Amino acid sequence: MLNVALLGAGRIGQVHAKSIFANRDCKLVAVSDVVADAAHTLASRYGAEARSVDAILGDSAIDAVLIATSTDTHSDLIERATAAGKWVLCEKPVDLSLERALQCQVRVANTGKRVMIGFNRRFDPNFAALKHALDAGEIGKPELLSITSFDPAPPPVSYLKGSGGLFRDMMIHDFDIACWMMGGAPTKVVAAGSSLVDPEIGAAGDVDTAVVTLTWKDGRIAVIKNSRRAGYGYDQRIELLGSQGLLSARNVLENTVEKITSEGTLTAKPVYFFLERYMRAYEAEWAAFVQAVKDDSAMPVTLEDGIAALACAEAAARSARTGEIATILPDMLSAR
Amino acid sequence: MLNVALLGAGRIGQVHAKSIFANRDCKLVAVSDVVADAAHTLASRYGAEARSVDAILGDSAIDAVLIATSTDTHSDLIERATAAGKWVLCEKPVDLSLERALQCQVRVANTGKRVMIGFNRRFDPNFAALKHALDAGEIGKPELLSITSFDPAPPPVSYLKGSGGLFRDMMIHDFDIACWMMGGAPTKVVAAGSSLVDPEIGAAGDVDTAVVTLTWKDGRIAVIKNSRRAGYGYDQRIELLGSQGLLSARNVLENTVEKITSEGTLTAKPVYFFLERYMRAYEAEWAAFVQAVKDDSAMPVTLEDGIAALACAEAAARSARTGEIATILPDMLSAR
Amino acid sequence: MLNVALLGAGRIGQVHAKSIFANRDCKLVAVSDVVADAAHTLASRYGAEARSVDAILGDSAIDAVLIATSTDTHSDLIERATAAGKWVLCEKPVDLSLERALQCQVRVANTGKRVMIGFNRRFDPNFAALKHALDAGEIGKPELLSITSFDPAPPPVSYLKGSGGLFRDMMIHDFDIACWMMGGAPTKVVAAGSSLVDPEIGAAGDVDTAVVTLTWKDGRIAVIKNSRRAGYGYDQRIELLGSQGLLSARNVLENTVEKITSEGTLTAKPVYFFLERYMRAYEAEWAAFVQAVKDDSAMPVTLEDGIAALACAEAAARSARTGEIATILPDMLSAR
Amino acid sequence: MLNVALLGAGRIGQVHAKSIFANRDCKLVAVSDVVADAAHTLASRYGAEARSVDAILGDSAIDAVLIATSTDTHSDLIERATAAGKWVLCEKPVDLSLERALQCQVRVANTGKRVMIGFNRRFDPNFAALKHALDAGEIGKPELLSITSFDPAPPPVSYLKGSGGLFRDMMIHDFDIACWMMGGAPTKVVAAGSSLVDPEIGAAGDVDTAVVTLTWKDGRIAVIKNSRRAGYGYDQRIELLGSQGLLSARNVLENTVEKITSEGTLTAKPVYFFLERYMRAYEAEWAAFVQAVKDDSAMPVTLEDGIAALACAEAAARSARTGEIATILPDMLSAR
């Protein structure tokens, strides 16, 4: 039985609380949040206690912490929790600063504890099935990857300002998928980004529509398309051309009903947003973390994976800003 | 909070226990089974007690019972439970004998309690969405209904012998769907049945492949296709031609991955069997029962619905046996 | 080079003229029609002559005739054309009377010429691909066949009166598909038919919505669904459950465009009617006839096939009239 | 009746000859080719004469010429044919040199004749239906376009050497589609290209796998993916995110048959190559040219369109070579 504390009782913290509670190998012991009421409410729903971060990290009975706080606290909390001997699952991204994330990596290495980064999409059954087929050689060698990732509607501009921008906050997931599929980080990144959805997003220095092309050292290519506004919902697809065929993972639809009339054939639209699409992925992510702790084995998504995705995001932001192709050098992926 | 007892701790009882436990408005208090060990095992998993049926029905603190025992006990238990003042959700079919079911209907009516019959497929999100579109008039008036319902593999012949045969045990679900979609019971039933999958099924007097055509008084028609062996899994589809269009509910597939190679385009097969397909339906069925009890409102699937489906099954069995078209008369649908 | 005459310059005759003209191995020499103008118009479009039937059958330079006249003339013209030494492709059905068709069969046998019946759907690339997969054993032994065949809108009631009714005029195609897929004629036929689309069709003694179940001697089953009014167009599908899988042929859609909005996912509807769907099939049908003549080999669809389909239609009409299951005896399939 | 001469009797010339012959408003009068035998063979198949280019251009009875010769002759022949008073349909690309194409544009302008460039894909019924829906405002304003265009297998390296390379020879089609969908030429182009399929292609200075991102002045973005080797056939798709929804045109499949077994659900693969996919498009393209000539109206695809696509190709080639983002300035689109 793993005693778990949850740091952060906001939207994503509540999602994780549900997964922790549903997992028979875990006990949710404590919840912390900068908003005390939020911690109390969530804790009491699952029979846990609201505590401070200090109290949690100082409690030797707690084995693992799940960090779901605001991004600017991630590196600090990862360092403190591993130093306190806890296993850590931390939400993405590792940090808004690549340099800070690399420093964190060094400090964690000294603790001997392992950290998992919460790239939940790897645990989506559809994406996982695609990866499984790729690894089984079903389409030969991967050559050209295409990721479509559209949100239904943009978040408030106030949120965007603290988020690190589209590349670090939203496309970070897609960078991780790309590195996962292609086996490691690319060497060249070029971004085209625009503000087409909401002029205020552009005024805040961010983009809402973007295409990023990644090229690996051996010439393989990936392209990622993001939009903050698909209108019809959450559009999450992967398509991978290999030397012997094409693998794709399509959207999950609301239902399987089809209606044919003189207007045409109408089927359901994709499920609306990330909770509808990825709830099962969050559960599977947590289960994979718990299993790795139990087995004392490598984390299924490592801190290094988190840094690779962040390096892509930083390079994409740079390319979008300068209008030039950005490179990723080895020392951006590891401080050691 | 509804205090619930579960009668029957077999395969389907275990499914229901999960739904009861997961529902925040219920407490699973007791479990009974003719096999004492089975009751104990299931009860202890959910913090309930193993008790006898008598103890359960005699306990005034228990509000509702879910009957998941063998079919030959359904009518008796429905009568006893309602007489004891319990709300009842009973698995399908009501009984193997239409006459006995009609008698049960009379006795229940005298208790003032309401009974729901467990036709779980009505609560499948896809079938429910189809029904909703039909009721909203999206294809006009329903004219020609087609139901495909194939199991992945036949059950043991020993099971089949006590099951009442394909029409009463398997196609009973489809009869209910047909009556639900078309609004009440048909008047003519004709069945073609064969033993193509396993000669032992034929030797036991049953069929494993069947087509039944139902005709309503106003000429509307439904056709049901059943096979005990689809090989690729569970095939559960509805298709309804209306005066202004066609509605269909397709299968739920294992995932959304597509692979294109020189062999063709390969996508997933349907999920394998009823638990994979209908777990959400069982949860929604139980939630609907609980809601009806809370609201003291009509059950979403009534004892009369159970009798209509049984009347169809009995007529189909008769038609398959005699080689003639069977009729359903009003006095087969209500003893009153 | 095959010299061809076309008997009948109506709607279907015009379709065939196009196929004959497009085939490089043929020359369309003459066209006849009871309406002289129609023959002239069609003949002049393709550089042929308008002639009388007598002139055509008496011209030894003509090798083959395509009979596309009204159904009540088919048997006579088949007999006269084969007696005159011509190869014959005759539109379906052979005759409205099974007895007359059997007589025709005997007379043709004496001429030594071969007759092909125009069941064009066998030459649809999709249905042909399904049959090919079946014959290649890809789903094992066929067990349960389902055919959906809906027209977009009913023809004028005046047409229906001379057509022989839904079973002989429309479902005859589906009976042929069933016999083709299952390998010969069934032994039991039961029909449910209603007039739901247009009361005048019922008043004329016909049905517009029907379900027919066919059973073969070895227990295999087929079910055919027909409606005169699908609203959205021509719905032509086959689905076949075998011992190792399911084969289906879906509709041909107008285009491949998909639109996703908040309303759902909209794709095209099926192509509207038989010309859009089956023009390629008519071309392939004619090419197969020409090839059989050139090779002096068996016709791909024989007079016997036409008689089997007609026997099914007659049995279905009988079952719909009497409300009883109809049987097909061996002497209904061959007069010899 | 339009008297037509065909210049070029190679693979694509033969495709066009078929379309010209099938069009009732045209007469194919003459065919020329540098290989005299090729011209003779093709001419005789359609009842035309083999003639020299000079003889064709000097014959005042010829109204229109279709130029299907090698790319390096296009500009010269366009200039000579328009100077001789002929209407011209010329295969893509206009030229391998943008500068030369702009010069050609000036010279043609002085003749008063109109030239159509053979971007056949605009006439594909699926792409045309997508464009129609876009123009009808069905998804609002177009924001993010994605084009997938994969060949089944690379052509011989010898062909590639004279072709102008992937961007000018293959992706030129996609550049045209992008300009057509977005309404004019982009201002920024960035290319990532690799040789993954065949090292000899890389050795010849070309790429076989490429991703190009185009950005318009107002920030709208398009991304084009090309591969010379899809293995499973010809993959030709368009996907366009608008402010109110997503439009996509999927591949055309070989047939509509679906097989479900324990391996999964198998459907057909896309049709194999451009003739199978675009034969109808070539016919419609020619018909549109003929209509424009008859109406003396603007060509549906203009020389300016051809130049815009060429400007994109040149910019993409430059970007791939320099590793920098390339710009398209107004004077690259028009010499005037």
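The letters A, B, C and D name the chains in turn, as written, and every chain counts its residues from 1.
As a convention for this text, a contact is a pair of C-beta atoms (placed from the backbone, for glycine too) under 8 Å apart; a residue touches a chain by one contact, two chains touch by 3 or more.
Remember, predicted model here, so these are calculated numbers, not experimental data.
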Requested in this report: Give the label of the chain whose average Cα location is farthest from that of chain A.
Outcome: C
**Report entry** Result of counting contacting C-beta pairs for C-D and A-D, higher pair
**Finding:** A-D
Report summary line: Per the C-alpha centroid definition, the whole-Å distance linking chain C and chain D comes out as 42
Report summary line: Distance between the CA centroids of chain A and chain C (whole Å) is 58
Requested in this report: Name the residues of chain C that each touch 2 or more other chains.
Outcome: 231-232, 235, 244-246, 260-262, 268
Query - Residue ranges of chain A touching chain D (in the complex, touch as defined) - result: 140, 143-144, 146, 148, 150, 188, 190, 192, 194-197, 209-211, 213, 215, 219-221, 223, 225, 227, 229-232, 235, 241, 243-246, 323-325
**Report entry** Touching residues (chain side chain C, partner chain D) in the complex
**Finding:** 125-126, 129-130, 133, 138-139, 244-252, 254-262, 268
Report summary line: The chain A residues in contact with chain C across the complex are 231-233, 235, 253, 260-270
